[in-house]
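Heads up: the structure comes next, in C-alpha cells.
Per-chain numbering from 1; labels A, B, C and D assigned in written order.
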Amino acid sequence: MDYNNAELMTVNAARLLRDGDVVFVGVGLPNLACNLARRTHAPNLVMIYEAGVIGARPSRLPLSIGDPCLVSGATAVCSMYDIFSFYLQRGNVDVGFLGGAQIDRFGNINATVIGDYNQPKTRLPGSGGSMEIAGWANRCYIITPHQKRRFPEKVDFITSAGFLSHQKEREASGARGKGPQGVVTHLGILEPNENGEMILAALHPGVNIDMIQENTGWEVNISANLRETLPPSAEELRILREDLDPTGIYI
Amino acid sequence: MSKLHTLSEAIQKYVHDGDVIYAAGFTHMIPFAAAHEIIRQKKKNLTVARATPDLIYDMLTAAGSVKKVIFSYMGNPGVGSLRIMRNVIEQGEMEWEEYSHFGMISRLQAGATGLPFMPMNQTGAPSLEKANPNIKRITDPYTGAEVIVVPPLNPDVAIVHVQRCDKHGNSQIWGIVGEQKEAAFASRHVIITAEEIVEEDIIRSDPNRTVIPSIIVDAVCHVPFAAHPSYTQGYYDRDNLFYLAWDEISQSTEKIQNWLDEWVYGVKDRDEYWEKLGEETHNRLKVTPRMSSPIDYGDY
Amino acid sequence: MSKLHTLSEAIQKYVHDGDVIYAAGFTHMIPFAAAHEIIRQKKKNLTVARATPDLIYDMLTAAGSVKKVIFSYMGNPGVGSLRIMRNVIEQGEMEWEEYSHFGMISRLQAGATGLPFMPMNQTGAPSLEKANPNIKRITDPYTGAEVIVVPPLNPDVAIVHVQRCDKHGNSQIWGIVGEQKEAAFASRHVIITAEEIVEEDIIRSDPNRTVIPSIIVDAVCHVPFAAHPSYTQGYYDRDNLFYLAWDEISQSTEKIQNWLDEWVYGVKDRDEYWEKLGEETHNRLKVTPRMSSPIDYGDY
Amino acid sequence: MDYNNAELMTVNAARLLRDGDVVFVGVGLPNLACNLARRTHAPNLVMIYEAGVIGARPSRLPLSIGDPCLVSGATAVCSMYDIFSFYLQRGNVDVGFLGGAQIDRFGNINATVIGDYNQPKTRLPGSGGSMEIAGWANRCYIITPHQKRRFPEKVDFITSAGFLSHQKEREASGARGKGPQGVVTHLGILEPNENGEMILAALHPGVNIDMIQENTGWEVNISANLRETLPPSAEELRILREDLDPTGIYI
C-alpha cells in the first residue's frame, strides 16, 4: 500500500486518540487525525476548537481555525475567554495537538522567534493558544516532519512547555497537564522517558534508527521497548483520501 | 436615541491619531470595512490590538497607520505568515507587545470587567513571561502558590461587526463569538458595523442573544459585507481564495500599493468595494440557509 | 452515550450524605423536584450552597438534610424572611458562610474556570470581610492598591434545571441565566433536569444557545415542571401564591411537617406532585407563546 | 390631592432620576419609581435588574427580582457574573437603589444582623447585591420609611458602604461610586454634606424639622438650602395607581 508522509503521520496521530477523549483541535493534520479517529475507533471523540466551538461536525474540510463549517451543526459555541478558562484551564480537555518551528530534546516547543527575541532573525507567528494547550491539556501530541533543523537539542525560545530541562522541572512549574506524550513524525514516534526526555519509542515501517539519528539534533536515546508501527490500513487511507481531504489540501 | 452614523462619520468622530484600537472578531466578522475607512482617512500612529492581527492589521500596517501591535498570534490563518507585519518587525520598524491567546483575552476580560488584573494559572512556559514585563506573578493567598497575572487592556476604540442590531446599538451575534463582548466592554468607545439594522422588536424577541448592549455603544453603522474577506455566519462565506491571494500580494511593495490603490483608496465605501468584487465572487461566497430551532420566551 | 436516568437514580448515584451541593438558578428554574427527591431519600449533613437559598433550601432545612449553608441573600424573594433557615441560625443550630452576591458568584467563577481565587474590586463595606476569614486581600502588582479575593467554590454536585437538552446532556437555557453555567463547570458532578429531552439536531441547530456541554454532565433526567413553585421561562409562570403561602406554612413546625408529608413524602415523583397541584393551578401558571425571531447559521 | 407614604416616597425617588440614566433596579418601590420616571421626564431610562436583565419593559408588576415578565421583551439578558462585573464593577451603572433595616448618620446600611454577627438576635437576609451596588453605582438612593429604629447613629453591621465615618474614609476605601446621594423617606430627603454626613435637605409638604428630629436616631443637621418638595402631581399619581400598580400591591 502506498502512502505519503502526511498520511503516515495523520494515521499514527489518530491512533493515539481514545474513544471519549475531548480533544483541542487545530486545523490541518490534527483536524484530519481527529476526524479519522472519530470514524474508526473513537466514535465518541469530542472535538473542541480554540475559536470556541465544541462538538464540531464539519461537513467540509475547515481551512481556518474559525471556519464557519465548524459552527453549523456543532453542539455548543462559546467565547474565547470561556474556551480557555472553563474548558482548558479547568481541566476539561484530555488531548491537545501542538506544532511549531522547533521541538527540543525535552519536548519544549518554539513557535515565536529564531534568534534574539528583541531583534529576531525570523519572526514566527507566536503562541496563539499553544502555551495553554501545552500547559493544561491532560496529554499533548506533536505532529511534525522529522528534520534536523526542527529538532535542536535546545530551543531558542520556549513558547510552550514540554518538560523544560527535566520531568521534575515541569512538575514544579505548576502546569497541570502531563506534557507531550508523543511526537509523531514521518519516521517514527518519540515519547518521554521518566526524565521527560523524548526518546525513540516507535519506527514506521522501513525506517531504521540511523535515519532517526541523522535527522535529529541530539543523540536520541532508544526505548527498551522499541516498537514498529503498523502501516496505514486501506480503510484509514480511504477515509482520509475520499471523505476527509478529497482535494488533497493537506495530504 | 438613534446612534446611526455612516461608517465614515463614525471613524472620523471616534478614531484619532495615536489611539489604541481593537478590531474584534476571532477569524469571524473581522471589521475590514472599518479598517479600510481608517486607511482612507489616513489615521496615523495607531496601536492596534487583536489576538490575531490577521490580514486586517497587515493592511493597516501596509498603509502606514500602525505604530505598535499588541497580539498573540501573528499569522495568515490557514495560509502562513503575515508578511508585512513580520517584515517590519524583523526590520525593527514597529513596536510590539506579545501574549498567549489566553493572556491577551484575559487582558480584555480584566479591562471589560473593571478589574486591575486577571489571574491565570501557570503553563510552565518561561520565555514570554521573561520577554514581556507586563506579565507578572503574584502569590495565591490561599495556597501560597504562584499565579500569573496580566493587566487590563482598555482600548480607546473597539470596532465590532455584528449580524444584526437596532439603531440604539443593541447587537446580536452568533457563530464564533471570540472576544467581541470583552473588547466592547473594555473600550472607551464602541463602533458597531452591522449586516442588518433591525427593529427593536426583533432584538427584544430574543434578549439572551444580545451580546453588546446599547449603553456602551457610540455609533451604529449599516455596512453589509463589512467582514469580507472574512465572513459573517449565515450571511456569506470566508473568502479563502483571497487569504491565499494576500500571501502573494503581500510579497511585493508594489503589489501591495496597487492593491491598496485599487481596493481601498479607489473605492468610496464598502458598497462600492462589494460591487467591484463582482458577481462571480458574490456567488462563490453565497450560503444557503440553515435556521435555528425557535424558542418560546412566553408572553408574561 | 446516553446519560438518561430517572431523577431518583441520579440522586441516589450522585448525591451522598455530607456532600456540598449547589442547586442552581437565580429565581428562575430552581430545581425543586431534585430537592424533594433528596428529602425523600433522606440525605443528611449536606452543605447547601446557593446565592439565594430561596424556598428550596428552606424545605431541605425543614426536612433535616442540611448541616451548613453558603449564601449571599437569605430571603423569600418578594415576600420577606426565610423563616426556617433564619430560625435555625438564630437558634445556633446551623453553620453558615456568607458572601455578597458578587462574592458568591466570583467563588463559582473561580471554581468553574480552574482559578485558585477571583479578584473583586473594593466596595468600601468592611463588616462581612471581617466576619468571613475566607474573604482576603491581596495587592495589585500594577498599582499597589488592594483587591478583595475569594477562593473557588467546587461543589460535589450541581443540580441544574434546563428548558431543553439532548440525551447526552447538551443543555440550552434562556431567560434568566443566573449562575447555572458557572455552578455546572465548578462542580465535580452535574445532574440535569429538563423540561424536554430533544433530538441532538435541535441542539445542533443553535449551538450558541448551549450553556452546558455534555462533557461535564453525569445524569440527564426528564422532569417536566421540575421548577415549581419557581418557573421555567416560556413553559410556566412563577407561583407567587405559593411563595406567599410558604410564609404562612413555615411559621409552624406542625404545618411544615404536614406540608412535607403531603407534598414531598406523600408523592412518588414530580409527575404525581404536578397532578396533585390540580387543574386550577395548572391553568393559573399557563403562559401563552412568545417566540424568538429565528436566525440563520448558514449551511456551510 | 390625597396620597399615601409609599406614593410620596416613590414620586420623590422618581424625580431624582435623570433621562438616560442606567439604573440598577430592585423590586417594589424602586421598580415603581423607575417606571414612573420613564413615563414622565426620563423616557430613555435603562433599567437593569441584578438577575441579569437589561432594558426590561415589564408588562405587569414584577413580584420578584427574577420575574419572567422582566425577560420577555427586554433588550438583553446576561449571567449574574456578567451583570455584576461587566456592568456594575466596570462602572456602567449610573444609579443604584438600596434598602435595609438600618441606615446610619453616614449613610451606611445594615441588612445583615441585629446584634452580634455570630450569635444574631435577628438574622436579616444579608447583602445580596447591595454591597456592590453601594460601592460601584455612580450614585445611590435609599427609599425607606422614616422611623427612629431604622435611623441609628451607627449601624451594628455595615452591609453596604455609605461614607463610613467620613467622606474621606469612603474615598480612601477604593470604592468607585460617589455613595448615597439621597435618602428618600416619607418625611423628607436627607443628602450628604461635604463630610458625608446625611443632613436634612428637603421636607415634604406639611412636615416640620421637629418631626424629622423625633424620628431620627441622631441630631440631624439641616442644610443651609433646605427646600420643600412639590406634592405628587395628579399625573404622577394616576400613572402609579392606574398603570403601574393597579391592584395596590406596593402603594
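Throughout what follows, a contact is a pair of C-beta atoms (placed from the backbone, for glycine too) under 8 Å apart; a residue touches a chain by one contact, two chains touch by 3 or more.
As the structure is a computational prediction, the values presented were derived from the model and not from experiment.
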Contact-richer chain pair (by C-beta pairs counted) among C-D and A-C: C-D
Whole-Å gap between the CA centroids of subunit A and subunit D: 57
Between subunit C and subunit D, centroid-to-centroid distance (C-alpha), Å: 28
For subunit B paired with subunit D, centre-to-centre distance based on mean C-alpha positions, whole Å: 40
Sites on subunit A at which at least two other chains make contact: 53, 67-68, 71-72, 77, 85, 89, 176
Sites on subunit C at which at least two other chains make contact: 114-115, 120-121, 145, 174-175, 177, 181, 208, 233, 237, 287, 290, 297-300
Contact graph of the chains (line, ring, star, complete, other): other
In contact (per the touch rule at the top): chain pairs: A-B, A-C, B-C, B-D, C-D
Subunit A partner contacts - residues on subunit C that touch it in the complex: 1, 112-115, 168, 170, 181, 185, 200, 203-204, 207-208, 210, 213-216, 297-300
Footprint of subunit C on subunit A - complex, ascending: 20, 22, 44, 46, 53-55, 57, 59-60, 67-69, 71-77, 85-86, 89-92, 176
Interface residues, subunit D side, partner subunit C - complex: 27, 50-53, 63-68, 70-73, 77-81, 84-85, 88-89, 112, 117-123, 125-132, 134-136, 157-161, 164, 170, 173-176
Contact footprint of subunit C on subunit B as seen in their complex: 114-121, 136-143, 145, 147, 149, 151, 163, 172, 174-175, 177, 202, 205-206, 208-209, 233-235, 237, 287-300
Residues on subunit B engaged by subunit A in the complex (per definition of touch): 26-28, 51-52, 71-75, 77-78, 81-82, 86, 89-90, 92, 98-103, 105-106, 108-109, 120-128, 131, 145-146, 174-179, 181-182, 231, 233, 237-238, 240, 243, 287, 290
